[in-house]
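Heads up, the next two complexes both have chain A, just with different partners, chain B and then chain C.
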Partner chain A sequence: MTGEIAEFIIQALREMNYDVEDLTADTDLGPAGLDLESLALAELTVQIEDTYGLRYSDEDTEALAVLTVGGLAAELAAKLAVASGDKPQ
Partner chain B sequence: MRARSIRGRLAADPALGAGNVLSTLVSLGVDPDEPTLTFDTDVDGHPAWKPLTLGELDRAVATRSAGLHALGVRPRDPVAVYGVTAADQMLSFLALVRLGAIPALVNGNLRGAVAARYISGLKAVGVLADAASWSRLAEHDPGAPLLGAPDRIDGHRPSDAPAPYRHHPDDPIAITHSSGTTGEPKAVTSTHATLFAAIRHRLSVPRAQGADRILCALPAAHNATLTALNLALGNRGEILLLSAQDGGTVVDAVRRWRPGMVLGFAVTWSQLAHAELDADDLESVRVWWNTGDCAHEAHIRRLVAVGSHDVATGKGIEHRAGSMFVDGLGSTELGHSQFHITHRADSDRFDRCIGRPHLFAQAEVLDPSGEPLPAGRVGQLAVRSPTVTPGYWNDSAATYRTRQGGWFLPGELVYRTEDGYYHHVDRAADAIDLGDGTHVYTALSEDRVLAACPEVLDCTVVAVRHGTGVSTHVLLRLAPGADPAVDRTEEVRAALRDERVAATVRRVAVVPEEEIPLGATGKVLKAVLRARYSSAEATAP
Partner chain C sequence: MSAHHGAVVTGIGLVSPLGRKPGAFYDALLAGRSGLRRPEQGHPAAGWLDVAGISPEIDPLEVLPATEVRAVDRFVLLGLAAADDALADAGLVVGRDVDPRRVAVVVSTGGGGLHTYEQYAHARLERGRPGVSPYLLPGMLSNMATARIAIKHGIRGYSSSIVTACAAGAHSIAEALRLIRAGDADVVVCGAAEAPLHPTIAAAFTNARALARGWDDPVEASRPFDAGRNGFVLGDGSAVLVVERSGHADGRNAPGHADLLGWGASTDAHHPTMPRPDGEGAADSMLAALASAGLAPADVDYVNAHGTSTKLGDVAEAAALRQVFGEQGPAVSSTKGATGHLLGAAGAVEAVACVLAVARGAVPPTVNLEQPDPACALDHVRGSARLLTVRAALSNSFAFGGHNVSLLFGPPSTRRARLS
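On to the complex of A and B.
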C-alpha cells in the first residue's frame, strides 16, 4: 500500500511542476529537499484527501511538513489502515 | 543564493542560534542589498519606514558593537537596555550579542522606580538609555552606570568591531522580563539554543503564507520580538518593527506598509477589534499571529472577517476574502508559543481552545500531586520543550519553584479534549475553587461574556475570596452607542453558562479604561484588582 501511495504522491508533485527526477523515498518535503511552499503542501494534502477520503486539519499539516516522501506515504497508509479498522503495519 | 536553499542550510547548521543569525547570513554571502528590516524611527540618518538592507543593518550593528567594545563591554557582561523605540532595543540587542555580552531588554513603559529596581537585581555592568529614559531611572538608583545612549556611535567604524562572538548553545543571549502579574517584572534568561529551537523548526517546514512580509506589533523589549526578528532574517522575508502596540498605531502601519502577516499580543487584537476596521486598509493581511495569552473568540472573529488569503482546493489555488488567525499560548518563560490553532471565517472550535502542541513541545495536564489527568479534567499545564528558559536571572528559588518532575509549569490551567486539542481556562493564580468541584475561571468567563454580549467590547473578570464566600466582579467596556445605564447583570450571568459561577457575580459595572491597571505590555494586573476588591470587602458594612 505504501508503495502505491508513494507513486501517487510523486505523480501529484509532477503535475504541480516539481522536479521529481532525483526524488527518492528519503527526500524531505521541506527546505532540505523538495522545499514545498506552504500552499504547495496544502495543495498536495487536498489531493490526498480527495483521493483517499482522509481529512487533515491545519494543525495536522505541521506534522506532515517535516516528513520525507516515504514518511508521508507511510503516514497515509497507517491512517488509511486505522480508518478501515485494520491495525497499521 | 535563493531563499529556498538558505532556509534549509540555516535549519541544518548546528552552530546557528539566536545570537548569531545576522552574522551567519553575512558570512554565508547572502546578497547584502536585500531589503531586510524597517523601523518606525530614523536610524543613523537612515529615514524611518525605509527598509535597511542586510548590509546596512550589519553596518549599523557593527558600528554599535565597536562603540560598546571601546567602552569596555566584554563577553558575559549583562547590559541593560532601557528605551522606547524598537530601533534602540533591537540594534542594541544585535550589537551586544555580537560581542558575546548579554543584553537585558527593559520595556520603556515600565515606570522608572520599577525599572530601576529590576535593573538593580540584574547586577548589570551598565545601562544603555536615551537621555529622557535615563532621567526616569537615575533618581531611583538602578545600581549600574549609564554607558550612553543606544544610538551613540560617534567616532566608531564597523571595521573596529571585534569578530562576532562564537556562542555555545547554552550561552545566555538575552534577559527579557515577564509582565509580572503584580507589576514586578521577573528576569527571564534565554540562551542561544532556547530562543532558536522554534525558529529552527519553522525554518525546516514550508514558509507560511504571509511570512515574506511581517509586521511585528509585539513590545520591542519582549523575547517574542527577538524570535520574530531572527525568524524573518532566517526566512529572508522583510520585517517592520513597531515602537508602539496600540490598535490605532497598528492599523496605520498596516495601511502604510501592507504586511502579509501581523504578529501581536492579545491586548492589540482587543484594541483592533474596537476600531472601525476598513477592509481595504487591511486587504494585504493573510495571517494574524498571536502569542502570549490566547486571544478572545469575539476579537478573533472580527479579524478573520477582514484581509484575504490563498486556499488550496481540488481545482488549484483560490484567493479568498477573509484572513487566518493563528492562536496559541506562550510566555516569556516558555520562549515561544507551545500550541497552535488556525482560525478562519468558518471556524467553530473556540471556548479558549489553544490548539495542539507544536511538534517540538510535549504537554501534559497534571493534578496537584503531579499525576497526569485524563481528557476533560482541568489541571496545571506542564511543558517539556527546547524553547523553555533555563531559569530566572539571579533567582534560583523562583526558577526551581516552576519545575516539577522534569516539567516546566507556567502556572496556567488547561484541559485536553479526546482528540488532543487543549483549552486554556485561566491562570492558576486568578482562578478560585468554590469547594464543590466548581471553579470560577476568570479568563474563560471573560471569553464567554465577550462572545455572548455583542455590546461588550472588553471585559475583565476578577474573583476574590472573603469570609463567607466568593465575590466575582465583572468590569465592562462597551461598544460606542451602547447604553451604560442598562443593568447587564442577568445577561452576564447567563453568558457564564454555569449557575454556581453566575451566583458569585457580585458586581457588573461599566468602568472607564483608566480604572483597569495594566502592566508594561498591556496585560491586566489582576492581583492589583484583587487587592483593591479584597480591602473593599473587608471594609464593607
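On to the complex of A and C.
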C-alpha cells in the first residue's frame, strides 16, 4: 500500500514539474529537498484529497512541508487505515 | 525640455505576428508584408477564425522555472518574453544598473487569462472542485504579466496593470511617462500582452459582427481605411518598452531609440462598443497628447492610426484626425493591416512602430489600402513605405468602453542615439 501511495505522490510531483529523477523516500518536501512552496503544497493536498477521499485541515497541509516523501506516504497510509477502521500496525 | 527631464525608450521587446525581432518586424512593416494567416489544425482558434495574427509560440520553460509554469496563461508568457527582450535590448540589469526601488512595471492586458480560466471551468464541470488547480489565480489574473516580470527581474518600485481593453497598452506606456515626470521612477517597464485566439472570444467577436469575413486570401482581410473593409482581424502578441529618465540613461551611457514626448487620454461616454461618430473623444486625446508634449499639430509628421478596419471606427478616427490636423495633415498609416488587432497589446506594438519610425526615418504603408474610403480622406501611406524625417510620431489607441489614448514619440534626448 505504501509503495502505491509513494508512486502516486511521485506522479503528482512529476505533473507539477518537480524533478523526481533522483527522488528517494528520504527526500524532504521542504527547503532541504524539493522545496515545495505554498501553492505546490495546496495542489498536492487537493490531489490527495481527491484520490483518497480524505480531508486535510490547514494545519495538516502546512505540516506536509516538514515531511519526507517516505514520511508523507507513511502518514497517508496511516490516515487511510484510520479512515477504513483498521488499526495501523 | 531639458534632456534630464525627458523620458527615453532604451529597450524594445515584442512578440508579434511579424516575429519577435523589432528590426525584422519593422522591416516587414516597411515592406508591406502581412503577418496574417489561417489558424492551422491544432491551433485553439482553428475552425473558429478564418484568419488571425498569430505570434510565435513562447516555451514556458524559456521564461519561467519549470515548477512555476502550471496554469500560466499565454498572455503572461507573451508579456514575460517581451519584457525579457526589452530589458536585454536596454542592456539594463535591475539591481546592477538601477536601484530596484526606482524601477516600475506596468504591463497590462485587455482580457487577461480567459482561455486558461475556461479550461479550468471545463475541468470543474468534469471533476468538481478538485479539477481546479490552486495555480489558476496566479496564472490568469490580469495583473500577472506585471507581477511575474517584477518577480523575475527583482523590480520593487511601483507596479500595476491598467485594464482598458484595446487602450491598455497605450495607457501603460502613458503611465510610464507620468511616473517619470512625477519623479516616482527612473525606469519603467511598460507595455501589454494579449492572448485572445481561442473559441469563446472568437465566437463573441464573430457574433458581434466585428470581424472581417468572406476573404478567400487571409492576408486581404485586414484593410484599414479601404473602401472594401468589413471588420478587423484578431491577433495575439505583446510588446514591452523600457522607458527611462534621460538623465539616468545618460548616466549609464545608454543610447535611446526615441523619446516618449507626451500622452493624452479621454473618454467617449457614448456606447460600450461604438465610438462617438463625430470622433470628438479621439480628437480630445490627440490634443491632450500634443499639449502634454508642448507640440503643435504641425510638428507631427506621422500618425500610426488605431485604424482597425471596421466600418465605423475608421471613419470616426479619420474625422478626428481632420479635426486635429486639418485637411493637410501628416502621413497616416495603420499597421493593423499587417498585424491584425492585438486588442490590449495593440497600442504597445504600435508604439514600437512609432519608436522605429522616428529612429529609422521611414514610415510603413497600410497593407491592403487599395481604394481609400472617401469618408476616410487622409494623407495615407499606401503601396510602399515613405522616407520621412519624423520629428514627432503619434500613436492612437481607442477601446471598447470609450477609452481613448494617444502617445507621442520623437528623437531621443540622450547623448547617444540608437542605430535601430
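The criterion applied here is as follows: the second predicted complex is superposed on the first by the 89 of 89 C-alpha atoms of A that agree within 3 Å, B and C clash if a C-alpha of one lies under 4 Å from a C-alpha of the other, contacts with A are read in each partner's own complex, and residues count from 1 in each chain.
We take it that a contact is a pair of C-beta atoms (placed from the backbone, for glycine too) under 8 Å apart; a residue touches a chain by one contact, two chains touch by 3 or more.
Treat the numbers as computed from the prediction; the structure is a model and nothing was measured.
Once chain A of one complex is fitted onto chain A of the other, the partner contacts of A:A40 extend to both chain B and chain C. Measured by the number of chain A residues touched, the leading partner among chain B and chain C is B.
In the overlay built on the shared chain, the residue A:D58 is in contact with chain B alone; chain C does not reach it.
Judged by the touch definition given at the top, the superposed model places A:A32 against chain B, while chain C stays out of reach.
Shared-chain residue A:S84: touches no atom of chain B or chain C. Of the two partner chains placed by superposition, only chain B is touched by A:V66; chain C is not.
Look at A:D50: by the touch rule set out above, it reaches both chain B and chain C. Of the two partner chains placed around the shared chain by superposition, chain C is the only one that A:Y18 touches, whereas chain B remains out of contact.
Judged by the document's definition of touching, chain A residues 39-40, 42-43, 46-47, 50 lie at the interface with chain B and also at the interface with chain C. Residues of chain A touching chain C in their complex: 16-19, 39-40, 42-43, 46-47, 49-50. The touching residues of chain B, when paired with chain A in their complex, are 4-5, 7-8, 11-12, 201, 203-209, 310-314, 316-317, 340-342, 355-356, 358-359, 421.
Partner chain A is touched in their complex by these residues of chain C: 66-67, 69-70, 127, 129-130, 133-135, 138. Of all residues in chain A, only 29-33, 35-43, 45-47, 50, 58-59, 62-63, 65-66 touch chain B in the complex they form.
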